């Protein structure tokens, strides 16, 4: 088993776009290296260089100080390099078991896949995350039917299924809730102990400081710093990443809580029921920023999507004083709603279309006939600037953007329309710290302007830092509402686990939460 | 009919020379109550629709006279396997005779042999088959083509540049026709064939090919073509309207005759000849089949073809500038796609039988 | 480093011109006679018009994605050509209504396709193939060999004849150019066009961005049917006669024209300019093969080979390994 | 909820379910119209006619599973037919036949390899590529045999036409073998690769599946199956015709879809398409025996096929209405 892998002076271009100009990375067994950088700085590209998915334009890979060259992902895999891809590498139509073991299926003597062993081995892997699934996963479940966090877990299990020595986790935590992240980190500790090497990519500083031993920072495709985690502070890292002093200020609006009391109610939900939701009641006032918390898959997505007219429901929804029952998102948009969906590739983007087409998709009808393209471009450019979008041009396909920049497009297309009520499903997923801060200030600014925001996040810090109050969903109902002083991490976690505020039954009895 | 039998009908002994050896021939021939099957693998053409319509019409006569009880028509756009299935289905329905317009010259042989073995009378219409025991009814394709080629050569005075637009290369009818054309042109060394192309027996393609030819050879003297392609070719000439119109061969279809009339208004010197490969051969074949079923003996001296089993029918109509008016009169009340036709009467088909 | 790239429509057009110029060296070709060369070029473009118009609907359904394709286009062309022919029966003042009938009948058939594809989730390939059979069946039922009619002089005048004696460009070509501009407007300068591209790429995204996917898809198939109907109307104006297989020979070439024009067959990306160029290239190749004397077998092989080379030049998909 | 899962479960996990229902239904109707349908001679004469399409459909099904489409299969059938008809000839020996059967299979695989090369290695779009190669193959067939004719010895043809070992049509054995081979192949690693590549090629590539090789192989298989179909139809017709395969292509695709395979790839199998191919042919029989007016036949047949294609969708729509 190899002991170390190094990337030296890596150059990688996509057509005219330079993704990496001078990428460097060292990783040794028994350690976790955090690969950090802003959106589009080249982290995923670096991962794909290491696992042989892309062709190098320059530089060298060294395995135990010997130059190696991958001719295909197969070659890297054969030498024990496994990857959790940011955009996942699962075949939707195939089952969990088939996906995990694809290319390494246990075989029978006559050359067929040994389904029994396949089942057993899959069950064994699935048990690693047991308890964090909403409903128990089965080896025969097709991938299409899974929510995004469970897909993410399958992708992780797939990567570790062949006992690699190097595991690349490219934003593997972005879709996971805190409990799942916790489980993953426990596993990472085990792997470390077992002498594996781990490359960890994440935009969550807290996670990085929790798990990583060393760091390596990319900025615009160039490695600008590396070292031991114990030697740096969060501020220093951020500065390396984005060449700016810390932007880390959540703008809490405690002062405003009172103000909002007088504002009119703009959203009122009564007994909303769907397949997963079992009767949701709440109301939101104009200008409020209300968070939705809870573990993944408790109905948050369904709540946002049903409010947006994408999922049928029963119950009543009053918006801006009138009752509505939308049959199509278009109707919701018309009265000023906007939805930023959680799965940007599947629900938010038109991959092969231009950035312009993506930004303007909901707004074309506003540009008359024939469409006033020049004006559309100007508007799109403005949004791009306001979001700090890193792109080669509006005409480039959106697939050429890095994950975080693509996320900005998903958010940006609604800004063009100036909606009144935002429904956000994990809008900062995969977004770098700098941009996150910008998005936060954008959101607070929107609220100041009288817009209302309903905001789900898988990042608890974000909910606490940003929201006026948080509705915590558990098993399809609002279990707890937290606001003001009760809005603490501890309360959020216990409420997420289905524990009512103030009580600490079952597992948490001994804790000091 | 009362005589409808489940046992295969006995064919009249003399007409099945090689195929079957009947052990016990019934003495009195069955005179009525016949079921006749039609197998047609191609429907997307006016020739075939006219053919089917005429078959139905002629059969009405026999039905009225209680001679036939049913005409089972298997007609669809299909391939060789599909036509084999058609024939099998006809056999499964105990038909007494099969009229087949074959989509493949030899692909049906084994299946037709099975039909013959069951004692079914098999007549191939429109296309000659080389299966001992199978009768053929149709025109002489070669003679048909020679007629119009001869006219063209004479019209040009044996001198000039011409092009040829043929049907499906490799299709037996086309092969026979092109042979005829070559034979005629061999007698006119002054006529120079610049190019040959396929119009796929299709008006639009014929038009396209002719347009190309007109663009490539602005001084063309004449063109020879056949069937529906003639309409497309004339359309192309009218659209291009060259200073000197080439002389061209036409088709015995009302649409063409109308177009001819119209062309004369553009260019009074235009001349043509219209010959039809008429669908009436099939209903004539039906009459022959019925007569055979009724036990009439075929006068083999009237037959031709490779196996001496071919009924060769005369051409239906040859329209030139002399009798164009007659042709137009024949089209009176007929649809545009109507092919000038001739179905032999019951009396006329008696010429093929021993009196 | 700026990427060097030529858009597929331009590439196809350049290719057509080069091929045409090279064809001058072939025996039996125009050689050095400019008049004949122009006549030949005009003729090719004129022939391309009908393929081009029939391929317009094809372009739309292919862009709409989810394996969108319209295999009923050929039989719709035949049907509307027959309807026009029968209805007009030589009278100029019936032409406009005949045009509306053609568009309407085409749209209805297209809508049936659309219903099958959007609501019943039948894959477009087989849905439209089945519909093609239904339409052919209907043609046979309605007019088993009894078509009677005639096109009106004004149709011949506008479609088949040159614009004026001094301008030897056929009317059809002018109609096609106007048609091309309208198609461009539709695809690039209307919200419908933008929505069409969107559903071609990702229907879920489209829906969540307010696009009425169902309606857009339905409208696209209906429009494609209507355009095929228009193709039938134009075609009969050129041929002057009808027959049961009038439109069928245009079917697969119409798909090929779309592909040669650089439109992504998997949807979401493409242009009508490309299809126009593709139609010209295909017609050109067939015409050139016609004037070259070779057996039909060789001709088919050359056509297949040329198509392969054409799409190899610029029809290549993204590599899995970047 | 439970009910819904059962239906979806049947439709997605057992794609054979619906085609089986269709087949049973159409066979029942056919049986009603033609009571002697299950007599050995009738059964055999039907099955021998269906077999070429069945073979072709199996190859098409595999290409569709792998996310492609092959519209050159008819051309390959023609090439094989013309090779056999010209090389073996009406007077040929059975050794000669065997020899050219093997050569035909190689030729079919080679033709498939040409398709596979352009699609997998040059990354051209499948529909248009196989459309182009269909001209190559059809042209080549015409080149080999410009005029219909030739053939194979009738003794050999009659082996195909009349063999009924153990009182079952030969075709049943062929179908059984096809099903067995597929049952094996689909549970091998290669089988998983086919589905993975058809499901999502990029993800398969990142998982180190040899994507191009798998795509390539699917076309080789399709070419091989087309050659088998070509051999079968030559045995059936006993003669050569360069256009013999052309009309079969679209039927093979319809059969695959009736058989429950998704056009988008990654789903389905081979059993469904085989049932689909038989159903298509049985529908033709139903039309024959129901004695409807000739002029209506095409319309009725096409309508039945469209209805069969739309049936699952109608059922789903109805179910959703209720839910």
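A few notes on this one:
First chain written, first letter: the chains are A, B, C and D, and each begins at residue 1.
Here is the rule we go by: a contact is a pair of C-beta atoms (placed from the backbone, for glycine too) under 8 Å apart; a residue touches a chain by one contact, two chains touch by 3 or more.
A quick note: this is a predicted structure, and the numbers were derived from the prediction, not measured.
With centres defined by CA atoms alone, the chain at the far end from chain A is B. Separation between the centroids of chain C and chain D, computed from CA atoms only, is 30 Å. Centre to centre, using the average C-alpha position, chain A and chain C are separated by 45 Å. With centres taken as mean Cα positions, chain D sits 34 Å from chain B. Looking at chain A, residues 53, 72 sit in touch with two or more other chains. In chain B, the residues that touch at least two other chains are 43, 52, 77, 169-170.
The multi-chain contact residues of chain D, meaning those touching 2 or more other chains, are 142, 146, 202, 205, 242, 295, 297-298, 301.
Checking each pair of chains for touch leaves A-C, A-D, B-C, B-D, C-D. Residues of chain D that touch chain A in their complex: 1, 12, 184, 187-189, 191-193, 195-196, 198-200, 202-210, 266-267.
Residues of chain A touching chain D in their complex: 53, 72-74, 77, 83, 85, 88-94, 98, 102-103, 105, 107, 110-113, 115, 142, 158, 275. Listing the residues of chain A that touch chain C in their complex gives 13-16, 53-55, 72, 308, 310, 328-330, 333, 339, 341, 346-353, 357, 360-362, 364-365, 367, 369-371, 373, 413.
The part of chain D that touches chain B in the complex is made up of residues 34, 36, 42, 45-46, 49, 52-53, 142, 145-149, 151, 154, 157-158, 161, 233, 236-244, 246-248, 281, 284-285, 287-289, 291, 294-295, 297-298, 301. By the touch criterion stated above, chain B contacts chain D in their complex at residues 43, 52, 56, 72-82, 84-86, 88-89, 92-93, 104-110, 169-172, 175.
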